[in-house]
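After this come two complexes, each holding chain A, first together with chain B and then together with chain C.
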Partner chain A sequence: MFDSVRLQIDIVRAIAFREQRERIGKSQFGALGLLLEPLLFVAAWMALRIVIRAQGSEFMNPALQFGTGFVLFFLFSTIALRAVSGVTKSQRFAELRRVRPLDVLMAGALVESQVYGTCLALVIVAVGLVQWQLTVADPGQAVAIFFLIVITALGIGISALVIGHRVPLVKLFVKLILRRVLFWTSGLFFSIVNIPDYVRPLLLWNPLLHGIELFRHALVPTYPIPGISLPYLLVWAFGSIGFSMLVYGNNEQLLVSEEVSQ
Partner chain B sequence: MTRLVQLPFRTAVRERASRWRLVINDRVGQLRHATQELPKFRLPKPTPLGIGAVFVVLAGMYSFGIGRARFQANSDFLVRQPMAPSMVAPSVIGTSLGSPTMLGSLEDGRYLAVYLHSPEVMARTFQQLLAEERYRRQGWDLLAGLPAKATGDQQLDFFRRQVQVWPQELSGVIQLTTTGLDAATAQRLNQLLLQEAKAFVNEMNQSISREQLRFAEQEVERARVRLNQATGQLNAFQVRFGQLDPVQESQATSNYITALEAKLVELKVEEASLRRQFRDGQAPEVQLVADQVEELERQIRDERAKLVSPAGRDLSGRALEAKKLQNDVTFATQALQASMTAVENSRMESQRQLKFLVMLSDPRQPDRQDWNWRWQVFLGTIGVLVALWGVLSFVGGIRRRT
Partner chain C sequence: MAVLDVLSPRTGRRYAHRTKPPMLVHLERATKLAPSGAVAFADLSLRIHAGQRWVVFSQERDSRSALLQCVAGLQQPERGSVTIRGHVSWPLGQLPGLSGKFSCAENSRFLLGIYGQRGHLEEELALVQELMGISREQWCGPFSKQPVDIKSSLKLALTLACDFDLYVINDTPLLAFRQSPRWKEPWQTLLERRLQTRAVLSSGVQPVAGLESGSRGLVLTEGKLAMKGPLEECQAYFEAQNSVKDNNWKRRKI
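Take a look at the complex of A and B:
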């Protein structure tokens, strides 16, 4: 039992290492670029948001608020989009029988969580240095929510991939939601408190909004989160990953896409 | 002689010592041999997982074993005014921002949060609470409690960790949570802080309105003095020149001159017609009228000179000065009226803006200890370790690559 778990972990770590090396090779700035690219991307969006309306929230430091929002959103959307795109043949390790497509997806998720997790840590530490006070009230909760977001992304991505093979429209639809709809409704630019009561229930369907707001609440306990609930995020995380495992078991071979992933 | 006796004894001792040395060396050699055959005990090589496990075990031991029980007492209150202040301007997202009363309470809550963490409050509450006794460190737990002979900074830090004031952004309710190493201390600290908060809310508002009232009353006094001065000056002026109103007087003089001029014109016309009737210009009839004209012209000239020249009555200069004094009086009267209105207003304001602390829930003595912090420390350690592992393995991967 322990050995098989150990083996599984080793396989995922090995693929993750290989992928990290690959990405460093592709990146223009080498190893630094792996961190710098998403950070610059996030910083550009953040700057845009802060410049457009030169004030942030009154509840927490604006850089911390928008930084956590953007990093967590890109973490979610990158993992989910990669899962939706499936595993290309070059990634598949066809010669290794033990390596399953799911391992590749998990390794991808691991690398992304490491990249964006490091970005998040950098943002929090940087804001802490500027304020001369590190604002992490509940690190355990923050880390748990980070992983719940990763699990939800993986679950939604794999489910959409499998269903998308039967109904291609679903795949397209999910990609559209991941890229556009979630971007505007996940609390990247706003806090849920500032949303009028008649719109709030609509936004509260979005699990990522719950994740991002809960993460901010874990950093600053006075940050108000009306209507946000941890159980809702938990149901989404474990519901989606459970469903994806269910459909994955029957459709494993479908996960290997013919064409190069986009 | 003595030397001869001692010599054999010495050699005997030496011999015995060397024999013992041999025996001991032999034993040590045997022991060494024996230990080499035993399996060697070695510390396990430190792996990341092992180090992490050590930290988790240590955190678990502290949070569920060594750590002393902490107790928490909670109370909720609201800062309210008897009359709600006028409505704030409605915004686009109006309704979600809440009522003015709530915003007022929230604002006061933020001030209270700062005030209740201040050194003065700490000094007063710790003195009443006998904090050094109640929060003394005991047993194995070196993190809980106040160290003996703590400096002022240490005490303040410790106090701030025991007291949490959280104004709730949505409802305006202010939540006060205090921590103690026993249930009674937690409750007592909470009660003491509530007393401080009440005193602060009343004192702050009353001192502000007292200050405003005092200032307004000073202004009334100043305006009254100015009015008195202005009236006095006007009176003195009128007494000095024996006039009631120089403006009217100069007006009257002007009218008088105008009447004289009208008369002059009439006489001049009459003189002209008489000169036509009489051939002789020196005729007594003509001369009479001519004399009258001449007299009248002199009179008018004199009156004019008197009206404006400083040597004469200088009516226009005096009229100007009188006007100025009159203006001073008017202005001082208005200032007095305004400042009296201000006093009245600030007296009303000071009554209107009195605020009250409305208790929503009183602090009660906790029955059981607070378990939150134990789980928070334990899970927080795991969380930090996981995050560290993520970042370090990522950086390690890069290092292996480069």
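Take a look at the complex of A and C:
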């Protein structure tokens, strides 16, 4: 069993290597462009948020709070949206029999994790340089939360893709939620502690909110997280990926998209 | 000669079989149409076991090509089934997954990362580079800008560098490459090693050198299986058929 897992890891790494090279080739600034594009996007949103309401959060540095929130959100939505869209024909490598559609999706998630993980590290280091103090109280938990967010995104994306083939409305609904609803309800612009008690239970259904708040708490232990639960995030992560593997097994061909890549 | 070890497609490791050689590919009553719409082969059943060597004779290039594509798993027959249990190569000289934007080194790293032996990536890359015998600039330059002979040599080198259970050989690119100045002793050594120790399915008008002994043949005539048996008998039958056809054609011309 370990040999087959190692073989799949090799295949995923090879595909991730190729995708990374392709993206570097497409980017105007080469390898630096891979980081610049998401960083500039996040910086624009952060600036907008800080300018609109000049007062930041009282619990942690506003740049750190908003920066981590945006990066983690875009990581989650990029991976999930790619998974929901399936594997395009050019990505499929149909002639390479060893490559499965799931390998392509996992490789994509790996590349996005590398890019956004580096962005996250840069944000944390940049804030640390300004403050002359690196704010990472529990790096182990921070890394674990990061990977749980990645796993949740992949699981939700694949599940939505497979179910969406039977019930197309599910795919549209999930895309809408990923693009619009989660953007406003995942704690990018606020801390859960600032949310009124009568609204908080509704927002706490969102697993990404738990992930982002737990990540912030791992950086700054005094950052309050009322109602936030690590077990809830764990259930979502392993539940979604477990369910997606269950439905993937019998529906592998559904992961291939009919759309032509551009 | 029996080969007792087979590469597991799941784990990528070789394991030994103590009983009869395992079956790698099973075509069952397969029918395939050529792109022109003609029947490439009809109702063909074929089992290829580990260590066996097969040669396909046919005057119709579409028939030979379609059979190789189906055995390699690149195409599916219109009727019947193809079951692939082993680690089967793509037709020699036809290498999927290459990108013109990447360099030879990057393309090699990608394909060997998927099909190479685990833990031997750097050795296999060195083998491919040695086989190709090109400069570092060409090795790291974009694949699309390389001359045709370098592109052909890369495709062949990558196919031979990977350790498959069954090699599918379309003899046309191989024969063409053998006549090029790039064909040197390391190529011959590696090709012989692969042909001797692994199963082979080859196609063409003549069998590939190295496959003459111990091989089996099958003859396709207008898409139908005309003969299946020892290579020498199939070759003789095929040549006799061709000479009859040539004589008939000459008589009609007169």
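One rule holds for everything that comes next: the second predicted complex is superposed on the first by the 258 of 262 C-alpha atoms of A that agree within 3 Å, B and C clash if a C-alpha of one lies under 4 Å from a C-alpha of the other, contacts with A are read in each partner's own complex, and residues count from 1 in each chain.
The rule is short, and it goes like this: a contact is a pair of C-beta atoms (placed from the backbone, for glycine too) under 8 Å apart; a residue touches a chain by one contact, two chains touch by 3 or more.
Just so it is clear, the model here is predicted, and its values are computed rather than measured.
Participant: After lining up the shared chain so the two structures overlap, which partner does A:D3 touch, if you call chain B first and chain C second: first, second, both or neither?
Facilitator: A:D3 contacts chain C only, not chain B.
Participant: Identify the partner contact of A:P226: answer first if only chain B is touched, second if only chain C is, both if each is, neither if none is.
Facilitator: Only chain B is touched by A:P226; chain C is not.
Participant: Please work out whether A:I195 is in contact with chain B alone, chain C alone, both, or neither, and reply first, second, both or neither.
Facilitator: first
Participant: Touch check for A:R98: first (chain B), second (chain C), both, or neither?
Facilitator: second
Participant: Which chain makes contact with more of the residues of chain A, chain B or else chain C?
Facilitator: B
Participant: Touch test for A:E22: chain B only (first), chain C only (second), both, or neither?
Facilitator: After superposition on chain A, A:E22 lies in contact with chain C alone.
Participant: Could you say whether A:E252 touches chain B, chain C, both of them, or neither, answering first, second, both or neither?
Facilitator: Neither partner.
Participant: Determine where on chain A the residues touched by chain B overlap those touched by chain C, and list them.
Facilitator: The answer is residues 17, 21 of chain A.
Participant: Once bound in the complex, which stretches of chain A touch chain C?
Facilitator: For chain A paired with chain C, touching residues are 3-4, 6-7, 10-11, 13-15, 17-18, 21-22, 25, 93-99.
Participant: With touch defined as at the start, can you tell me which chain A residues reach chain B in the complex?
Facilitator: The contact residues of chain A facing chain B are 16-17, 20-21, 24, 30-31, 34, 59, 113-115, 117-118, 121, 138-144, 193-197, 200, 221-222, 224, 226.
Participant: Using the touch rule from the top, collect the residues of chain B that touch chain A in their complex.
Facilitator: 93-96, 166-170, 375-376, 378-384, 386-387, 390-391, 393-395, 397-398, 400-402
Participant: Taking the touch rule as given, give the residues of chain C at its contact with chain A in the complex, in rising order.
Facilitator: That would be residues 8-13, 73-74, 84, 88, 90, 96-97, 99, 101-102, 106, 109-111, 113-115, 118 of chain C.
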